[in-house]
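Next, two complexes with chain A in common: one pairs it with chain B, the other with chain C.
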Partner chain A sequence: MTELILQALYSGLLQGGSYALIALGLALVFGAMKVINLAHGELVLLSAYIAYSVESGLGWNPVFAIPVSLVVVCLASVMVYLVVGRIKKDREINSLILTYGIGVILTNAILLIWKADVRSTGSSWLQEAFVVGPLYSMRGEVLFFVVSLAMIVGLWWWLSRSWYGRAVRAVSSNRNAAMLMGINPGYTELVSFVVAGILAAVAGVALFSYGVISPAYGNVLTVKAFIITVLAGIGSIPGVLIGAVLLGVAEALTVTLASSALQELAGMGLFLVVLFVMPNGLFGANGRRG
Partner chain B sequence: MKNTYKRAAMAALVAWSLGLSAAHADELTVGVQLPMTGTLARVGSGMQEGIIVAAEVFNKANGKHKIKLISVDDESAPAKAIAAVEKLASQGALAITGGYGSNNIAPASDAAGKLGLVYVTSGGVDDSLVNSGHKNFFRINNTAGYQKAMVGLLADMNIKSVSVIYSTKEATTGLAKDLEKALSAKGVKVVGHAFDPALTDFKPIINKIKLRDKSEAIAMVGYENDYVGILRAARVLKPAVKAMVGVWSLATPKMAADFPDLMPNVYGTAVLPFPAEFKTADGKSFNEAYRRLYKKEPDYLGQFGYVQSMLLFEALARAADKGTLKKDGVAEEMRKTDRETLIGHVRFGSNGDNPNFTHRMGQHQAGKVVIVWPKDAATGTIKFPGVPW
Partner chain C sequence: MKSKLALIGALLAVYVGVPLAFGGDSYVMSLVVASMVIGGVALSWALLGNLGGMVSFGHAAFFGVGAYTSALVSMKLGVPVLVAILMGGGGAVVASLLMLPVLRLRGPYFALAILAYAHIFRILATEWTSVTGGSGGLASVPRLPEILGYDLSTKTGGYLVILTIVLAFAALYHFIRVSHYGLALRAMHESEDATRVVGVNSTLLKGLMLVVSAFMCGVVGAFNAHYINFLEPDYAFSGLWVTLPIVAAIFGGYRTITGPIIGAVVVYLVDQLIFKNIIPSGHQLVLGVLLVGMIVFSPEGLLSLVRKFMRKKHVAA
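Up next is the complex of A and B:
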């Protein structure tokens, strides 16, 4: 039993790292602009399909698709911003509807370009077992768990130490006050969308490297990312990692100790319990003040 | 003068339209309702290929009747499936072929039944589809055929314990439960592991099988993405099993080509070996048209789509010849179907099901799919014990 639980905790930890990487971009835009980008999952998926094209077309390891994915997904993210940025009234609700529509367009574009077949990496190196004592995983999972941690630290540093990061936080706190301080809110929001695009590009390549993708999968990714963002508390980057790992571990333990059919239910149960006890999420603004 | 021109123009228009309808009098319009987007887009487009090939082959061979296909995407959603059938009926469809997923087929076939249209499918194996009393519903495959093949292979392997991993979707749960029952009846120890369709990391399940179940074989009842996840987790954890056996969408050329590291020695239900060998005239026509239209190896979805549609087209033609198209003639002609097809002998029972449906089991061997069960249909030697790692 100990071995089973240890493996579940390890699998949950790695899965949590993967969830965190997917959720980061959505959390950033949500925190900075109060925009719930429901097309975020599709941007991640777009990157995953670019990784597929690079692997199947050029025979390269999907990791080398990151530069191409960065360019394409950042451009797509900027386009999403250009549409969302035009909303002047009731931004939260209107952006929800608008980005949902963009998500549908992206899903169908992916379907047209790459067809409906399921795809995953053929790289033997990424699929090989990585064994530490009684703990088993794929190399790809460990590699991108480390990448996920690095991205979280990088994003946290950028938001707290860099000028643009501070500007994003300032606009997020009080848009008018930030303008009085000489910050261009439009430009700052554009920067946050570009950074979200970078995160989505890396998350997509990671997803293709250890998971299975299909055109309809973007929606699932968005929902998972949204749950983690709310669980973490709006604007908390370390909270995203902790929320994602909690979700991953809760799901893996449910599969091990109960039934895998209850996995999604366990995740949603955790989400509801946390929101019931801490309505601002684990590390939400009120919680931090307290 | 102006009125004369108008009258002449009107007369010409009427004459032209009458001529047009006369020229197209032998055109039989068939509605295709399939998921071309959404979660079932992959299987929907696979079946559509077979349907288009069937129309191509039928039209080439028949001078008297021409099939005209009109398609509507049901977006993998039950409500859209009903709307699709209603739209097809309003566009003049005489019958419906297609449908994927029992939860989509049930309401769609119900709508077709109310409109008096025959509905034929191979995309739903839930038994409630044929037990709901619809007189116009027909399907060419069922759970029993898949279950017989899996149980037969495992029995021939003399497997004593099996862990069944199955998706909680309706069709997969139904098949897994039937499989568990049939294996238990043969004295095989069975442990079931249901998983949510959203599950992506199968390591905790495989670890349970490795450390707790210690079964001799793993039976997988899911879809392509599930198989890839399960096989990947199994390759990492290497449970001490003798066989990895799956059901539909597994022993296919696509899986062999896309996942060459994961597939070696894996078993799955299969109609034909790969590379495909077509011995009948019907099979050769299908093969030639499929390759010409799609420039690839025919797969099982195409074969099933082809068979269901060809049987429908033949029934439509017979009903048209007898002048009973509008008088339940199509359903009547479908019930008279009794012939060999690419998927075996098809004959419809009173409930519209095909009691003759049986499947074969294939095994991935060196990038090919070899039929290994039943013995009389085998195209190669079984590799047992055999796992991908």
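Up next is the complex of A and C:
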């Protein structure tokens, strides 16, 4: 039993890496533009399906799909930005409905192009066992966990050290003050959407490399990313990583101890508990959401 | 006086005219009934959005809970169908009470939290096999009854029932809007903080709107279960019960009462009669495009777009 639980903890940890990438994209755009992009999960899924096409069409390892995914998903993300930017009034409500609509478009486009079947990778290189002591995983899981960590560190460096990253943070915390300092908020918003696109592209390829995908999964991913940001609170990258790992572990434990059908319920339960007990999240700054 | 006459005329047209014109064609009639179901959900969604200022992506939860509650009390406890439908609304109210803690979240957080709730209810319906029949669903949900010798289980009968339900809800919506609650809610739309300052309990009011909206949606879901005599979790909690009503409400103008209903009839019929034939799977794509287009070009609904256009023409002339 202990071995099973240890194994579940390990699998959850590995899963947390790509969850963190998805959640960071969502949080970044929300920070810069105060817009929750409800189509974010669908962008991730788009990247996953591109990886599927590269594998089934060209016979390559899905990892090589990353450059194509980066281009397509970033373009899609920029298009979301351009449409959202056209909203004139009631931006909060209208942007939600708008990005929801974009999510519906993407889900159905994926359904039309790739059909409703469930897909997973056929690459034996990625599915090869990777054993650490008593713990088992697929090579793809470990590979993408490392990639995710590297990207999170990269993002942290970008946000805290580079000019554009600091501009994004400045606009997040006080838009008007940032404008007075000579930052163009429109450009900063665009940059945040591009970076969210990059994160989504890599996360999508990761999901396909060790999991199963289907057209309806995008919506689930958006909800998961949202749950993680609630767990983490606003404005904390390590918080998002820990929240993502918590969600991954909660799901893996539910699958091990109860049933895989209840997997989604675990995340929801965690979400509700945090909402009731600590509405600011585990690592969030003080102040109410809204 | 004139508007009263117009109202009576319109009522006569929908109660007598529509059954007389389409009653013989059961395909068209079933489309009309389905569009009214969407209209009922769209109305409940618009009430929450317009009066409560909240965007919900979780109305599928109320729809499904209403449907299951009504089907189960009528099947297992033998409650008469029309009473069971009201109890379905009650079930949805209970579901909405579970959502009340979410009200302390605002804007995007509320919208996403309610989406998460909808997932929970779908999973519960699938997994709680002993009560709900699991993913296999419930077959032979009791039909609508016969009243005064008139069989409501026919297509036309179903139409008259759902029409009455939707019109009753439209009236309820109207009375809420003109009451002093409606005044407070309109003020909250302008500035929630300022409204709190003058002594309005804004959280209570928002909670009330959520409950009313849930009740409406639950009753419509319950009606639908008895009308089609079948239920399964993927159908009852389908994302379609979220997407279609939102498109309908936005299309018709979600700040009006008639807009969502008319929008539902137009959008659903066009979708089923035209787009479904062009793209059989994935025709919801068109709905997404429509939604995006409406928000970008005319978030107040098609009517205001037409009005804007007319005004421009007027100035030009």
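Things to note:
By our rule, the second predicted complex is superposed on the first by the 275 of 290 C-alpha atoms of A that agree within 3 Å, B and C clash if a C-alpha of one lies under 4 Å from a C-alpha of the other, contacts with A are read in each partner's own complex, and residues count from 1 in each chain.
Keep in mind that, in the parts below, a residue touches a chain if its C-beta (ideal position, glycine included) is under 8 Å from a C-beta of that chain, and two chains touch if they have at least 3 such contacts.
Please read all numbers here as calculations on a predicted model, not as lab measurements.
Under the clash rule set out above, the superposition-derived model of chain A with chain B and chain C contains a clash between the two partners.
By the document's definition of touching, of the two partners only chain C reaches A:Ile36; chain B does not.
Legend: residue contacts after superposition of the two complexes on their common chain; A:Ser53 is shown touching neither chain B nor chain C.
In the superposition on chain A, A:Phe276 makes contact with chain C only, while chain B stays out of contact range. More chain A residues lie in contact with C than with the other chain of the pair chain B and chain C. When the two complexes are overlaid on their common chain A, residue A:Glu264 makes contact with chain B and with chain C alike.
In the superposition on chain A, contact is made by A:Asn108 with both chain B and chain C. By the touch criterion defined above, A:Val118 reaches chain B but does not reach chain C. Contact with neither chain B nor chain C is seen for A:Asn61 once the two complexes are overlaid on the shared chain. In the superposition on chain A, A:Gln127 makes contact with chain B only, not with chain C.
On chain A, the surface patch touched by chain B in one complex and by chain C in the other comprises residues 107-108, 111, 116, 216, 220, 259, 261-262, 264. Partner chain A is touched in their complex by these residues of chain B: 37-39, 41-42, 44-45, 76, 168, 193-196, 198-201, 203-205, 207-208, 211-212, 224-225, 228-229, 232, 235-238, 254, 258-261. Of all the residues in chain A, the ones that touch chain B in their complex are 3-4, 7-8, 11, 14-15, 107-108, 111, 115-120, 122, 124, 127, 129, 136-138, 211-212, 214-216, 220, 252, 255-256, 259-264. Within the complex, the chain C residues that touch chain A are 49, 53, 55, 57, 101-102, 104-109, 111-113, 115-117, 119-120, 123, 126-127, 239, 243, 246-247, 250, 279, 281-285, 287-292, 295-296, 299.
Those residues of chain A lying in contact with chain C across their complex are 30, 35-36, 38, 83, 86-90, 92-94, 96-98, 100-109, 111-112, 116, 216, 219-220, 222-223, 226-227, 230, 259, 261-262, 264-265, 268, 271-272, 275-276, 279, 288-290.
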